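Look at the two complexes coming up: chain A is in both, with chain B in one and chain C in the other.
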Partner chain A sequence: MFYTIIEQVVNGIVSGSVYAIVAVGMTMIFGVLRAINFAHGEYYMLGTFGAWFAIEYFDLPYPVAVVIGVVATAVIAVVVGNFVMQRIVGAPAEAGVLATLGVALILQNTVILAFGGSYKFFSGGYIEPVSVFGFTLAEQRILIIIVGLIVFVGLELMVTYSRMGKAMRAVSQNIECCAVVGIDVRHIALWTFILGAGLAALSGVLTAPVNVSVYGGMGELITFKTLPIIIMGGLGNVRGTFVAAMILGIAESLVATYIGLQFRDTVGFATLMLVLMWRPHGLFSAQARF
Partner chain B sequence: MTPAELSAATTGRDLRLPFGIALVALACVAPLFLGNYPLHAMIIALIFLLPAHGLNLLLGYTGLLSLAQSAFFGIGAYTSALLAVYFGTPFYVNFLAAGLAAGLIALPLGIPALRLRATSFVMCTLGFVIIGQAIAKNWISLTRGDMGLAAIPKPYFALGPASFAISGTVGFYYLVLTIAAIATLVAYLIVRSPAGRNMIAIRENETLAESVGIPIWYYKLIVFMISAAFAGLGGSLYAHYLTVVSPLTFQMYYSTTMLIIVLGGGAGTISGVIFGSLLFVGLTEALRVAPELRMIAYGFFLLGLVFWFPSGFAPLIGRFWSFLEKRK
Partner chain C sequence: MTIELSRRGFCIGTALIGLQTISSSAFAARSEDGTVRLGLVAPTSGPNARYGAFSLRGAQMAAKEINDAGGVGGRKINVMPGDSQGTPVEGVSATRRLIDQDQVDFIIGDVSSSVTLAMQPVVEDAGVLLLNAASSNPMITYKAGVGGFKWTFRNYPTDENRSLLVLQYAAEKKGFTKYSVLSVDTDYGRAAIQFTKKYLLRFKSEILTEDYYKEGEVDFRSVLSKIRDSGAQAIIMYGNADSAPIVGRQMMEVGIAGKIPLIGNAEFNTASTIKAAPKAMEGAIEAAAWLPGYDSPKSKAFVDKFTAAYREAPNNHAYVHWETVHLLAKAIEQAKSIDREKVRAALSGIHYDSAVGEVTFDDHNQARLPMILLEIEGGTPVVKGAYKAEIDYPK
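Up next is the complex of A and B:
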């Protein structure tokens, strides 16, 4: 029984890593743009579709497909960023919600229109199981955990030491003063957004071999799981979001095993409601900023 | 005041009233020249008008963006369906019970939710929809889960010994038209009352409103409940029209549709919401070929509303009125 719990926790860490990669992107976008990106899950979906397309139609190997998926999504993110996200800077809160909702509808339905609404089969990826410390895991899952850690460490380093990272922190703290010091806020906003979308896409392509089925509506579920994570982690708080993502992943895994699979997708929002009643500013922030 | 109201106030609604009457008259005789499918689209638009009025009161007049209309819509639909299927109660009981249930459930939900700041509040309302759907899916003993409740009887009315059932699209159209008209009247009365002005004050400047003595907390809560009740009533109509309810009634799609109706028509005006509903009908009709195309159009609509028409199309209507009035 102990073994089963550990196994479920490990599974939870895998899904937690997936959520974490997506969520840190979304929370950074919020930090800089002050907008909840309702379309974030769609970039996850686009990355997956890009990779799937590369494998299905061009028979490319998986690593190449990963790159293609992320790059394709980044290109779309550039377009969306220029026409939509940059205009959200300085706009009232509702503007961000509605605009990203609109983008989500457009992206999701364009993909469904182009490729059909049926479930696609994702072939590719390292799904050979390996034995680690007595547990059998697909190689891909280990890859996900490793990439999750790399992303987290990489972001920490970037935000702390790089010029771009410092500018991002500045924008998330005080937009007006950024203009005073000469930071191009719109430029930072655009690149933060592209980074966030790219991370979501990366998460999508990494998870695709494990999830196997690819369909146009898969982004919406991801958005609905990431929203609770970033609020619980504290909007704009990258470390808190990472921890919250892990917690959600593990909680979902345990709930699915011991309470019922049908409740797994509700864990996120159910926990969010409880947290909002009790600690509206998130589990890790000292005071409510949003 | 919105441009539409301003022009009406200054020039004395010479043209608005006759135009409104003409519109109502047109609506009354619509079944004579509209086929079954356009009539169906009109019915859906009129049903959605109720939760749209609710959202308008909440967002347009009090300034609270909420995505929870789907949740109360679903609660109303299920309440009505459960009463009809298990107790065989007449339509007006189901209808009123739906509105009451939704409004009352909004109370324990609204109290903690309204304490939150804008962004968290929006998330919380989204949470209501998702939890609502989860409950509908999993409380199988009550709701039959994904199978939903079917064979909801058509509305019937009993007046003493006489009773008649509404069958057929045309009958339902008139029922919905009447209810929508009454709902619009109620919304209009709320908005024109001192309470309505207080709501606008809260929207414009909460702190200032509070300083003049408006109890903003109570107002927000009550408007939240009224808005929920409107949505619940709409849900009841929806349930009786489709004769089926399922967890799909709790989708975000309905919240998004109502947002488009309210924002597209012009949040903060009653006529704007009606216009938004008609717009929605037009869009649905024009793009019925591919539902995905319709959703893409919705998406572009939202973008357009955010960046180019923040007050919806109401200013355009206002300009139209002033243009006509100058022409006299």
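Up next is the complex of A and C:
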């Protein structure tokens, strides 16, 4: 009984790490652009497709495929960032919703057009199970947890100490003042967006070996899993997002075990409703930031 | 006042005559077209797109064969695809589009039971013949023929046969009595389990855990650990082919691969699934309407031709759609017309030689078909026999 609970918590931490890496990009983009990026899951999908393409068509090893997946997505993010996301800065909220939803449809259907709508089989990665403290896990899952931690520590350091990180925080607090003191808001917005999309792609490539299937519509599920997390974490809050992702991952895992797999997807939205009722600014913000 | 009324009546009358002219001219256009307009509703995008692609290829190959041989009664078969995306809403609008815009006379579709169930009332209203080739939910033909819908036929075995045969094989040949359920959360997955439960007592068996996954689910670890600890001897899975490799891989992860086999139906026997998780698929038992390894001359000829044409081995859906187009062509030939009523009558009384045996329809418009049972041994699917069962319709 106790063993089962511990094992399910470990399972939850693994899925939580995946959610965390995707969600942190989305929350940073929100912080700077004040727009929910509904196309976020598509960058996750693009990263996975990039790596799949590298493995299937060029027979490249998995670590190289990871780099290709992330870089390819970043290149697409540069294009989308220049033509779409920069224009959202300072625009009304509806503009962001419509623009990102439109981008999501375009990216998804372009991939379906190019590669077909069917599921692809992702053959790279480290899927051999290993035993850690009596639990068996695929090596890939341990890699996911480690990369998740590195990403978060790195992001914390970046937003605290680097010039770019400080500028990102400044833009998320007050766009007008940033413009007054000479911070290039559009430049910061673009880089935040590329970073967020790149992280989503990284998450996609890391999970592909254990999720096996790759298909054009795979991003949608991720976007809708991420949405409750960034709201629970407090929009724009990096640390809060990490904790919220872990809570959701563990809660889902326990619900799947003790209540039933069919109720798993309700966890995120049920928690979201409770948070919106009692702590509309997220679990961790003392008060509204803007 | 009376003049006013009659004027209105005149207007309505004229409008009605106009409408009739339009519809009859549309009908004339259809008949003069000189082809057989055959709609094919299948999921060509979305999570079941793989099935849709195979269905379309199977149907197109059959149409090409028939057309190359001169068509049916001199008419070429024109396959018009409609994408259901595997969802009832899109399936119904694809069906409406085929009927209203493309003016089809016959429809084959869909793969998903949920979609087919939603299409039934639509074709019934339009009086268009729906010949299903790949949905297995028993309700589809419970409600057809003497059950209500006159225009629905099904050339595919149902989950009731399948559930019974799988359970019987597992109990009698393997001695299993304790099961865990991991099925897809759709009309197909749920009905298969419902009918499994109907026959559980007969084999003194029980279900220990019961879970349903959403299409597109990728994380089965929690539920598989639960199954490992439950003491189940086998996992009953009625799912989609795309989930089988994921489940297999995660079975290896939680350490139940090779210990608790999968039984049911989710294309465990396809080469790519076995390759993805060889240890988990070992001992898997599956009941299929057809499979590429089935030993009959007609079946083998189909596999060779399909593989040559598409450089990929056909799956079950390719076969059933290929066979069903040929079946429909034979019905049209016997009816000596594309008149829907006549074709329907011909179909009811047809004796058609398929690759798995003779096809006839019962009074619920359900084809009497065998199911093939196979077990994966040493990484290859081994056919264990073909079984037939007459359906007990609820009185």
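Convention: the second predicted complex is superposed on the first by the 287 of 290 C-alpha atoms of A that agree within 3 Å, B and C clash if a C-alpha of one lies under 4 Å from a C-alpha of the other, contacts with A are read in each partner's own complex, and residues count from 1 in each chain.
The rule we apply is simple: a contact is a pair of C-beta atoms (placed from the backbone, for glycine too) under 8 Å apart; a residue touches a chain by one contact, two chains touch by 3 or more.
This is a predicted model, so every value here is computed, not measured.
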_Just checking: does A:V212 make contact with chain B only, chain C only, both, or neither of them? Give me first, second, both or neither._
second
*asked:* Tell me the contact category for A:I112 with respect to chain B and chain C: first, second, both or neither.
replied: both
*Give one of first, second, both or neither to describe whether A:P280 is in contact with chain B, with chain C, with both, or with none.*
first
*Please work out whether A:I29 is in contact with chain B alone, chain C alone, both, or neither, and reply first, second, both or neither.*
neither
*Would you sort A:L199 into first (chain B), second (chain C), both or neither based on which partner it touches?*
neither
*Is A:A74 contacted by the first partner chain B, the second partner chain C, both or neither?*
neither
*When the two structures are overlaid on chain A, which partner does A:Q262 contact: first (chain B), second (chain C), both, or neither?*
both
*asked:* Show me the chain A residues, by the header's touch rule, that chain B contacts in one structure and chain C contacts in the other.
replied: 112, 117, 262, 265
*Note which residues of chain B are touching chain A in the complex, please.*
65, 112-113, 115-120, 122-124, 126-127, 130-131, 134, 137-138, 252, 256, 259, 263, 290, 292-293, 295-296, 298-303, 305-307, 310
*Spell out the part of chain A that touches chain B in their complex, as residue ranges.*
36, 84, 87, 91, 93-95, 97-99, 101-110, 112-113, 117, 220, 224, 227-228, 231, 235, 262-263, 265-266, 269-270, 272-273, 276-277, 280, 288, 290
_Per the contact definition, I'd like the list of chain C residues that touch chain A in the complex._
44-47, 49-50, 52-53, 182, 185, 210-214, 216-223, 225-226, 229, 242, 245-246, 249-250, 252-255, 272, 276
_Residues on chain A engaged by chain C in the complex (per definition of touch)_ = 4, 7-8, 11, 14-15, 112, 116-119, 121, 127, 129, 136-138, 141, 207, 210-213, 215-218, 221, 252-254, 256-257, 260-262, 264-265
